[in-house]
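What follows is a single structure, written as C-alpha cells, with notes after it.
Labels run A, B, C, D and E following the written order; every chain starts at residue 1.
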C-alpha cells in the first residue's frame, strides 16, 4: 500500500523533474522543482522523519521556490530594463 | 526503504542530467536543487527501519526500550543540516546569476544571452 | 552531437557506478550501536524527547553552529553581492489587493507566533529552530508579497541576527567555562522530562537559532526582491 | 755536464749548417727540374744561395710593428726546432740533434710553431691577402694533418713507441723492414699528406702566385726574406727527414740521407705535378676522403695485429 | 594551554557581532578584526611553544560534554597546530594585504574573511566526517561570497563555475558520508578507521571513493580543474592567496586524515593522480603568460606534488617522521611562497609576465620575487630542496623510475616558466614606471619572505646538521650584500679578503686531488676578482653572488655527502645564474642556462639517488665515493648530468648564448671556473669507477670518450665560423672541455694526468683570453670580430695575453699546452683508442683555424678609424692575466714541478707507470723533456732574434694603408681587413657538419613539441562551466574505473 503510494509519488516526481528541464518557461520549472521538494517531504513523513519533512517542506519547497522566483524576477527586470532580449 | 533510495538516486541522476544539459543558468541551479533533494531522500531512506516510529519519545514509549521502537535519528539530523546548507548555496547561486546579469554587456552587438552558461567563457586556457 | 552522446554515456555510467549502492545495501532491522546510544542517552542524560533535536543541538552542536554560520554567510554574502538601495524604490509593477494586504497583516503575527511555538517546543515535538525560523521568515515573505513597497527595518533584523548568533556562541562558551566542554547545554537544570523548560539549554539555543534563521531568511528574501535592485555601476 | 751541452750545441750547429746547405741545394735542383718539366731552362741550382746572400745584405727601412718583425723569426725558429728534435741520421751522435727532448708528437706539433708565428707576422702586415692565404693554409693544414696523423698513429701502433729513433731502429735489417713495406697503407696516406704539407701541386693554391698575387712571403723584404728562404731549405729537409725516418727506414749515414730524401722529394714532386690544382675546399674534401680512409684502415690493420 | 576552541569562539562571536559593532564606526571593527586575527595567530603559536618546550603534546577536544563517537571531537596535535598556525598567520598577512579593501567595502567582507579562516581551522582540527562536510561548505560559501569582493564579470563568472564544481563535490561528499555511516555505524573518523573492515564490496569502496573524490576534486586534479584556474585568474590576489594556499592546505590535510581509512593498495592511484596533476599542470603552464593563471597552474601543480608525495610515501610504508619532513617541507615552501607571489602579482598589476620589467624600479620586490621563485623551484636552501631530494632518494630506493622521471621533468617545466617570469622581471629596461606600493601590501610579502628564509636557514643549520662552512656561501651572500652601497673597488677588495680567508681555511681541509681542485677553483677565482674591479660604479648584486658562487664551488671539493655536494652544486647554479642575469639582453640566454643547469642537476640528483649511501667517514666525497658498489645506472646518470654542465656535444646549445650575453668578466668565470666544477664531478665519477674494479664500465667510458672527442671536433668547427668573439671562445671552451673528458675517460695514469693538466691549463688560458677580450670589448664596444682589427698597437698587453693563450690552447710547444696534448695522445694510444687519437689530432688542427681567427681579426690586420684613440685595457683586467701568464711560464719551464705532485695524487687511484729521468718524463710509449724543449726553443728563437736586432737599422713606421693591390691604394679598413666570414672556404668543405645545427634543431623541436602539447592540452579548459562539470563527472567515472575496476 505504502509502496504503491511511493511509486505514484515517484513517477510524479520524475515527470516533474523532466518537465522542469523540458519546459521553455523558467517559472514553470521553478514550480516543478518546488513540487518535487514537496513530494520529497511527503515521502519523508512516510519514512518517519517528521522533522526533516517539516524542514524540507518549508525550506525546500517553500523558501527555495520563493527565492528562485524573486531572483528570476530580479534578473528579468534587469534584462528588460537594459533592453535585452526576453529568454 | 530501498524504493525511496532508488527514487533518491533517480533524482540525483536527473539533477546531474539537468546540470549537464541545460544552458540556462536558472535551470542549472534547478538541476542542482533537484540533485540536492535526491541526496536528502537517499540519506533519510537509509535511516529508515520498517515499522518503526519517528525518533520522538512520546510518553507511551518508555525510555528504556525506545531504541527498539524508533528509526535511526542520525540521518534526520544530518539532513536538517544539509537542507539548510543547500538553501544557502542555492540562494548564493541565484545571487550570482543576478550579478552576472547585472554585469552583462547589453550592447546591441552583443548577441550573447545573459542567462546562458555559454556566455561566460572569457576565462580559459 | 559528440557532447550529447558523451553526456548520456556519462549518465549511464553513473547509474552503473551507483548501482552497487542500491544492490549491496540491506534494509536495516535495528539501530546501530551509535544510534542506540543516542536514543538512550538523549532520554537519560538530556531529558529531551525529540532525539533529532538533541542530536542537532547538543551531540552534533558544532555542526549546527556551522549550519547557522552557513546561513549567516549566505546572508552576508548575498548582502555583500547585492547592496540595498538607500532611497525608496519606485512603485512596484504589481499591487496586491486590499484583502490580501489586510489578510497578510492579520496573518503575520499568527504565523510568527506559530513559528515561535515550533522552536520553543523543538526538543519536545517535531520541528525546531530551523523550521520555526523558516515560518517566521515566511511571515515576512507574506508581508513583502502583499505589500510590495514595504520597507523592512534592517537595523532591527541585523540586530536580531547578530545578537542571537552572538548569544549562541556565548552559551556555548558558558558550557566551556562551566563544564569544560563547548556547547554543553547541561549547565542549566535538565528539568522534568517532557516539559517545556527541560533539557538544559536546548530550548534556549533552539530559540536563538529560530530567531536567527528567521531574521536571516527574511534578509535573504528581502535582498532578492525585484524592486530592491541595486545598481552600482 | 756543461761540456756535454756545449758539444751538443756544437754538433747541432754543424748538423744545421749541413742540412741548410743541402736543403737549399735540393730546392734549387727541384726548381730546375720543375722548369725542365714545364719546358723552361730554369735558374741555376745555386740560385737559392745567391738569393739569400743578396737579401741578407739589404736592410729594411720600414716596420709594420713588433709582430711583423717577429714573424720570420718565429718561422725560422720553427724550422730550426723541427729539425733539431728529429734524429737525422740513425746511430750518429753528430746528427742525433736534441731528439732526446721529445718524440714524434713533439715534432708534429713543433711544425706548427713556425707556421703560427709566420701567420701572425704576416697578419700584422695589414694586407688582406695575407689573411686570406693564411686562412686557406690553415684550412688545408687542418685537413692534410688528418691522414698524416692517422699514418703516424698507425706507425706508433705498429712499433709500439713514440720515439723516432726506435721507429728507425725497428726498420733496420733490410729494405723489407721499412714501414713502406710493412705498413704500405700508412705510407700512402702520409705520402699524400706530404704533398699538402709541402704545398705542392695539386695542393699549392695557398702559395700559388696566380691565385694570390701577394701572399705572406712577399710581405717580407730583405733580411726577413733571407731568413725565410733559409728556413725554406731547412724546413723542407726536416720534413723529408721525418718522413724518411718514419716510412723509409731512416738513414745510417748522411749520404743515404741525402739520397733518400732527394728521391722522396722527387717522387713527391712528380706525382703531384701530374694533377690539376685543387680549390681549397676540394683539397680539404680530398684529404678527408681517401687518404683518411686509408689511414683509418692502416690503424685498424695495425691494431688487429 | 588555551583551549583552541577559543579561536572558533573569537572568530564566530565577532563575526556575528560585527554587523552591530560596525554601527559604532569602522575603526572599531577594524581594530577588533585585526585583534581577533592576531589573537588567533598567537594561540597556536603558544601551543607550538608548549610543544617545543615539552609542556604539552597537543590535545583532543570533545564538545557538548560527551565523548568522542557521540559528539564531535577535534584534535589539536602537532600537525594540526602547525597548519592552524600557518593558516592563521597567512590569514593575518592576507588581511593586512587586503586592508584597503576592508576599509572601503562593507563590513561583510571582514565577517566573511573571519568565518573563512574559522572554517579552514575547523577543517584541520575536526575528526568527524560530517563536520568536515559542514566546514567544507562554510569554506565554500565564504569563498563564493568573497570572490565577489571585486564585482567584475570575470570574478563572477569564475565564481559561478566554482560554485557548480563545488556543488558537485559537496553532493558527492554527502552521498559518500551517508554510506560510510551506513556501513560503519559511526561518523567519527577514528572510530571509522577502527571499523574500516566493514567497508566491504563495491558499495563499501564506492562510499569511500565518493568522499575521497570530493576531497580530490577540491584539490583540483588535472584535468578536472578548469574552474579553479578561472578562479585563480580572476579573483582578487589577496583572496586567491587564501584559496590557493590556505584552503588547499586544509583540504589536503583532510585527505591526510582520511587516508588511514583508504586501503593502502589505493595509495598508488592517489599518487598517480597527484603526479598526473603535477606533470600536466606544469606542462600547460609553460604557455601561460598571465601571472595569475601561471600561479594558478603552479599552485595546482604543487598541490598535485603534495598529494603525490604523501600517497606515494604512504604506499611505501615510510615512517611518519619522513613523511612529515618531506611533505611538510614541500608544504611550507608552497604555502609561504605561493601566497606571497599572488600578493606580488596583485601589486604589480601586469597581465603579462613580459611586462614585469617595471619591477626593477623596486629592488626589494625583485628580491622577493627571486626568493619565492627559487623556493618554488626547489632550490637550496629552501625547504622544497630538502624535500625533493629526500623524496627522490626514497623513490630511487624503491625503484620508482617513472615517478622520478615524471616529477623531475615536471619540475623542469615549472622552473622554465617560473624563471622565464623572473627573467622578464630582471630584464634591463629604461622603464621608470613606478609601482604603487602601500606599506600594507609590501609588509605581508616581506614577512613571508623573511619567514621563508628564516625557516630555511633554521632547517638547514639545525635539522640537516650542516656545518658553518657548508652554509658559508649564503653567509657570504648576505655579508657582501651588506656592503652593497660601497663602490666596486672597495667591494672587490672586501670580496678578495673574504675569499682569501676562505681559501686559507680550505687549505687546511684538503689534500691530494682535493687540494688540486681547490687551488684551481678558489685561487683561480680569487685572481679573477681583481679583474672584476675594472668596472666603475656600484655594480649592485654582483659581488654577493660572486662570493656565494666561489665559496659554493670551493665547498664542492670538500663536500662529504651526496646531499652536501648537491647542495653546494645548486648554490653554485643559483649564484652563477644571477651573475649571468647581470648582463644585457640576457633574458633568453639566462633561461637556457637555468633550464640546462637544472636538467643537469636533476640527472646528478638521480645519479646520487641510485648510488649506494657512502659510509659515514669524515672524508670528502672524492675519497669515499665508490667505497660501496656503485651501479652503472648511477654512473650513467651522473655522467649525463656533468656532460650537460660542461656543455658536451648535444647539450652545448646553452653555452654560446650564455657566454655571449653574460658580462665579460662573468663569462671568464663561467668558462674558467664554473665549467671546472663539472670536471670535478667527472673526477668523482672516475674515482667511483676506479674503486669498483669489478664493474664493467668499458662501454660507458668509450661513449664518454667519443662524446668528448666529437665535442672537440664539432665545437672547433663551430668556433671557426663565429663572427662574435665571445661565442668563438665559448665554442672553444666547449671543445677544450671535450678534450678533458676524453683524457679522463682513457682511464690510465697518464690520461688522468693529462686531464688534470688540461683542467689547469684551460683555466689559465681561458682566464687570459676572456679577460683580454673583456678589455677589448670594453674599449671597442662591440663583440663582432670584423668590427675590430689592428688593436695590437693600441692594446699590446692584451695581445700578448691572447697570444700566450692561443699558443697554449693550440698545444704548440714549448708552452705547457703541448705537454697536455702530448699526455693526451700517450693516454689514448696506451688505452688503444687509436681512432680517438686521430680524431683528437684532427680537432686540434681545426683549433688552429679559430685561434688564428681570434688573434688575427681582433689584433692584427687593419685598425678601424673609430678605434684611433682607443686606450689599453684597464690595469685591473691585466693583473690577473699576467699572474696567469707567470704561472703558465713557470709550468712550461719546469713541468716537473707540477707533474710530479699530480702524478703522486693520481697514483693513489691508478698506480703510476711513468718514469722520470731528470726533467724527462717517460711514458710507456714516449718521452718528453719539457724543460729541454723550452731551453732549445728559447735558444733557437733567441739567436735569430738577436741577429735581427743586430742587423736592423733605424726603421720607419709605416702608415696604415701602406699597401697596394693592383695599383690601387685602399682607403677603407673595411675592405682591407679580411675578417668577415673568414673561413667561407672551409665552410664549403666542412660546413655540412655543423650547418644542420642538429643539436639546436633537436632542442628547438623538443621545446616546441613540449610547449605545443601544453598548448593542445590546455584546450581542455574551454571556459564553459558546463564543460568543466562534464569533465569532473567524466573524471569521476574514469578514476573509478581505474581504481575500483579491479
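Quick note on the criterion: a contact is a pair of C-beta atoms (placed from the backbone, for glycine too) under 8 Å apart; a residue touches a chain by one contact, two chains touch by 3 or more.
Remember, it's a predicted structure, so these values are computed and weren't measured experimentally.
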Any chain that touches subunit C and subunit B: A, E
Taking each chain's C-alpha mean as its centre, the one farthest from subunit B: D
Far-end chain from subunit A, centres as C-alpha averages: D
Chain nearest the global centroid, as defined over all protein CA atoms shown: E
Which two chains share the largest set of C-beta contact pairs: D-E
Mean-CA-position distance for subunit E and subunit D (Å): 53
Separation of mean Cα positions, subunit B and subunit A [Å, integer]: 11
Intercentroid distance (Cα basis), subunit E paired with subunit A, Å: 58
Gap in Å, rounded to a whole number, between the CA centres of subunit C and subunit A: 19
Subunit C, residues touching no fewer than two other chains: 7, 10, 14, 18, 21, 25, 32, 34-35, 38, 50, 52, 60, 63, 66-67, 70, 73-74, 77-78, 81, 126, 130, 220, 224
Residues within subunit B bordering two or more other chains: 1, 12, 16-17, 20-21, 46-48, 54-56, 70, 74-76, 80-81, 83-85, 87-89, 91-92, 94-99, 102-104
Chain-to-chain touches, reported pairwise for every pair that qualifies: A-B, A-C, B-C, B-E, C-E, D-E
Footprint of subunit D on subunit E - complex, ascending: 790, 792-793, 796, 799, 803, 806-807, 810-813, 818, 821-822, 825-826, 829, 832, 834-835, 837-838, 841-842, 845-846, 848-849, 852-853, 855-856, 860-862, 920, 923, 925-929, 932-933, 936-937, 939-941, 944-945, 948, 951-958, 960-963, 965-966, 975-979, 982-983, 985-986, 988-990
Subunit C contact footprint on subunit A (complex, rising order): 49-51, 53-55, 58-59, 62-63, 66-67, 70-71, 73-74, 76-78
Subunit B-touching residues of subunit C, taken from the complex the two chains share: 4, 7, 10-11, 14-15, 18, 21-22, 25, 27-32, 34-36, 38-40, 42-44, 49-52, 55-56, 60, 63-64, 66-67, 70-71, 73-74, 77-78, 81-82, 124-126, 130, 193-194, 213, 220, 223-224, 231, 233
Subunit C residues within the subunit E interface of the complex: 3, 6-7, 10, 13-14, 17-18, 20-21, 23-25, 32-35, 37-38, 41, 58-63, 65-67, 69-70, 72-74, 76-81, 83, 155, 158-159, 161-163, 165-166, 168-170, 172-173, 175-176, 179, 181-186, 232
Subunit B contact footprint on subunit E (complex, rising order): 130, 134, 137, 140-141, 144-145, 148, 151-154, 156-161, 163-164, 166-168, 170-171, 174-175, 177-179, 181-182, 187, 226, 229-230, 233-234, 287-288, 293, 1018-1019, 1021-1026, 1029-1030, 1033
